[in-house]
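When the chains are written out, they are named A, B and C in that same order, and each has its own residue count from 1.
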Amino acid sequence: MDFSAAQLAGRLGLAVHGDPDARVSGVATLARATPSQLSFLANPRYRAQLASSRAGIVVMREEDAAGHAGTALLARDPYAAFARAAALFESREAAAPGVHASAVVDASATVDPGAHVGPFACIGARSVVEAGAIVGPGCVVGEDCVVGAGSELVARVTLVRRVRLGRRVLVHPGAVLGADGFGLALDRPADGGEPRWLKVPQLGGVVVGDDCEIGANTTIDRGALDDTVLEEDVRLDNQIQVGHNVRIGAHTAMAGCSAVAGSATIGRYCLIGGGAGVLGHLEICDRVTVTAMSLVTHSIREPGDYSSGTPLMDNRAWRKAAARFKQLDGLFRRLGALGDNRG
Amino acid sequence: MDFSAAQLAGRLGLAVHGDPDARVSGVATLARATPSQLSFLANPRYRAQLASSRAGIVVMREEDAAGHAGTALLARDPYAAFARAAALFESREAAAPGVHASAVVDASATVDPGAHVGPFACIGARSVVEAGAIVGPGCVVGEDCVVGAGSELVARVTLVRRVRLGRRVLVHPGAVLGADGFGLALDRPADGGEPRWLKVPQLGGVVVGDDCEIGANTTIDRGALDDTVLEEDVRLDNQIQVGHNVRIGAHTAMAGCSAVAGSATIGRYCLIGGGAGVLGHLEICDRVTVTAMSLVTHSIREPGDYSSGTPLMDNRAWRKAAARFKQLDGLFRRLGALGDNRG
Amino acid sequence: MDFSAAQLAGRLGLAVHGDPDARVSGVATLARATPSQLSFLANPRYRAQLASSRAGIVVMREEDAAGHAGTALLARDPYAAFARAAALFESREAAAPGVHASAVVDASATVDPGAHVGPFACIGARSVVEAGAIVGPGCVVGEDCVVGAGSELVARVTLVRRVRLGRRVLVHPGAVLGADGFGLALDRPADGGEPRWLKVPQLGGVVVGDDCEIGANTTIDRGALDDTVLEEDVRLDNQIQVGHNVRIGAHTAMAGCSAVAGSATIGRYCLIGGGAGVLGHLEICDRVTVTAMSLVTHSIREPGDYSSGTPLMDNRAWRKAAARFKQLDGLFRRLGALGDNRG
């Protein structure tokens, strides 16, 4: 599978700089590309690599191509254009339509003839797998679920119950959607005996909009009464935890190991950094960025960037600063007293 | 399935306020409930919603019902009472007793005739599945395990080896119990060669008490020599990590993504917040609350609430505060010198 | 299975102190060992337990054995020697060579006759399972993967595609290697319409060196263009997240729930504490220790210990200190002004 610069330009709606007949058969970074590979220059930091790159064709901005001796494809957004180009070189076997002989499909479930259900998959009562959907090996789709048209459960995904995926949703291995939300009431016996936890039934579901992506080993619990909701084009990385009744707005992206506690609402076009946490019952407005490992402890009503934590330090220096942190209030009080004296 | 107020009152041991013949066929929040649904008022914050709620019956405290025109069920603890009521409306297919034709059960394993073993499940050598237990689809129960009476492995759960679950334990999909603890010795060759990691055998097991719940993708390693232990009624949310030889006291609840390192001991009735961490070889006494994303770095001997971290700030302001954190010790030293002069 | 002190000494290359005919049939901690069990004393903190221990044989340093009345095995590194001894007592059924009747192996895959492929396992196109390797129950090995000689996928492990494991690699249940890296370009339509995420194809793979161990529910994404790489003898605990194009140096160990964002490079012999995070595109040199729940926000070029965060405090005191943290910059500015006046 190879393409000329002119062919790529035509497919991607870009202009060619240099030789329209230059051909490439794969993609690579600027540093590693060979003359038969396509690369890209998006971040100005890598401009220095362009001169020494052996890449046969490079996707870049028009201004970067000015002095470039090689062949380029000119794009307003080189990274997005490269993403589209790279997809042309991604060879993946298409999953053949049909249900594997080993799969266990409940009599009341509906699997579209154009869908693929792989080995050792289970489809539960009243669930629906729509046209072009893929349920990979070892997936468990419980009761009352929908796998929308063109969606893919890669492998070993679990939809526990009442999980409705839109179209073109991609769920990576080990993800668990629709498990019981963590709902507990501490039940104190009237006789003064030891309190025990009482499980609160989780009667809601999970609704995932079109074009969402859900990372490996990510968990999204179903709602207690209403549903847990991901609007369209939400992108979740690996090992993210989404509690019951959370709502995540369209086009929001969350990095690995972040977590949102129950009933929090996150707006549209938010970026939640890796390992960041959002407490329950909060609201975060649109276009908020939370930096890595920060904890959101109150609602956020203004777009912008938010952080918590302290900077990384040499451990010896950190120990001193950490000890001083404990003394901070006393210091302020002492200085406040001084300050009063000074007016 | 519907119930009158009088029927619910009888089943739950509550008093009726208003119309004992009012009927409901489901449950919902105050904001969304229709006249055929049951709701509840537990948190005084939602009292304002009561007036406008269309709910047919509302579980509430007696004092909240005083001026209430509709039908109410009066409870000392409305949330717990609602949890019990909601369970009446939860329709779940009972798992039929028996072993699915596809399941692989070792000849030395014992499966009670009243237990359910689902498709693609494996039961290993010498393991026991007791009466009324459910081993869901795709679960792997290794060697020398016990799934106690009435316990449920929802789907795709792994008990690696020597895992003994008590009665009525509920384990959500993707959880892994009894994997090797993370035990390593750095082996320095006598000849001065490069040190390499040497794996320390993990010869203990995992013991889980009655009525515990273990969340999706949570991991609990087996002990190195002794067992890792969860006492009864411990409640673990999703994606929690419990290291080898940890002991967690009865009725303790841990929120999502929290973690406990090896050989730590946590008391009874503790609440560990989301994303919080507990270092190894520590002891936390009974009735300790650790707030979200805090790190417990030393033993805790007094009940109470504990925290670490810094508050969420606008990123620009945070950067300044964070830079100042690094200068804290210097500031204190300078001020200390000043303070000395002032007596 | 039991051994005399002399037999153990011979096998492990140690000297005997006391009775060479003392026999043990198992291992335990100093506190719990019976006269028929072997124990060890490595940490001086436990020296007091030695006097009261009933252990039949204890592995210890020569200097600790001086006044010891019982039988000891003398080792330069008692913990490593004990690890070797304990392995002698670990009885595990060997996995029989062969492919389970239920497994689904692609016609183009190669499974060595000496390998074991368990129930409900899938081996994808062009993948190779080498001699002595074990693919446990419910594992999914996708396309173009290698499970090297003597490696073990314990159960329910997923290798998505282009994952190449070296020899003697041990992967615990629920781990997912080779899922799509989290590569997204925000695609802004030229017509000013709403931007949407565009998926960047992930064309690289994952390469795991010999003797690595990968914990339960850990995730390692495959690279975007180049590979994600773990060098030999890397040890990853449970629930670790490794982003695309990360490189982790030989003999580095990472504790549970730590995470490394895309394209970061970690050196050799590093120790990454539990829940710690490493931002993307950074470099950490050899022999760096990062303490638990710290966030590495910049490259580290000097070996040593590094930390971030604040110490655990009583919540009431913490609230005051946290409020003061927000006022830090103002305080410094005020004091700076004072300082200027004082020269």
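The rule is simple: contacts are C-beta pairs under 8 Å (C-beta built on N, C-alpha and C of every residue); 3 or more make two chains touch, one makes a residue touch a chain.
Note that the structure is predicted; figures quoted are calculated from it, not measured.
> Taking all residue numbers at the chain B/chain C interface, are over half used by both copies (same) or under half (different)?
different
> What is the Cα-based rotation angle between copies chain A and chain C, on a 0 to 180° scale and rounded to a multiple of 5?
120
> Just curious, how far off is chain C from chain B if you go by their C-alpha centres, in Å?
24
> Give the residues of chain A that touch two or more other chains, as numbers and ranges in rising order.
Touching at least two other chains: 102, 120, 138, 156, 174, 217, 239, 257, 275, 293, 309-311, 313, 323, 325, 328, 331, 335.
> Where on chain B is chain C touching in the complex?
Going through chain B, the ones touching chain C are 102, 104, 120, 122, 125, 138, 140, 142-143, 156, 158, 160, 174, 176, 179-180, 182-188, 190, 194-201, 203, 217, 219, 221, 225-226, 239, 241, 243, 257, 259, 261, 275, 277, 279, 289, 291, 293-298, 304-311, 313, 317, 320-321, 323-325, 327-328, 331, 334-335.
> Over in the complex, which chain C residues touch chain B? Could you list them?
It comes out as residues 27-29, 32, 76-77, 79-80, 82-84, 86-87, 89-90, 93, 100, 102, 118-120, 136-138, 154-156, 170, 172-174, 211, 213, 215-217, 233, 235, 237-239, 251, 253, 255-257, 269, 274-275, 292-293, 309-316, 318-319, 322-323, 325-326, 328-329, 331-332, 335, 339.
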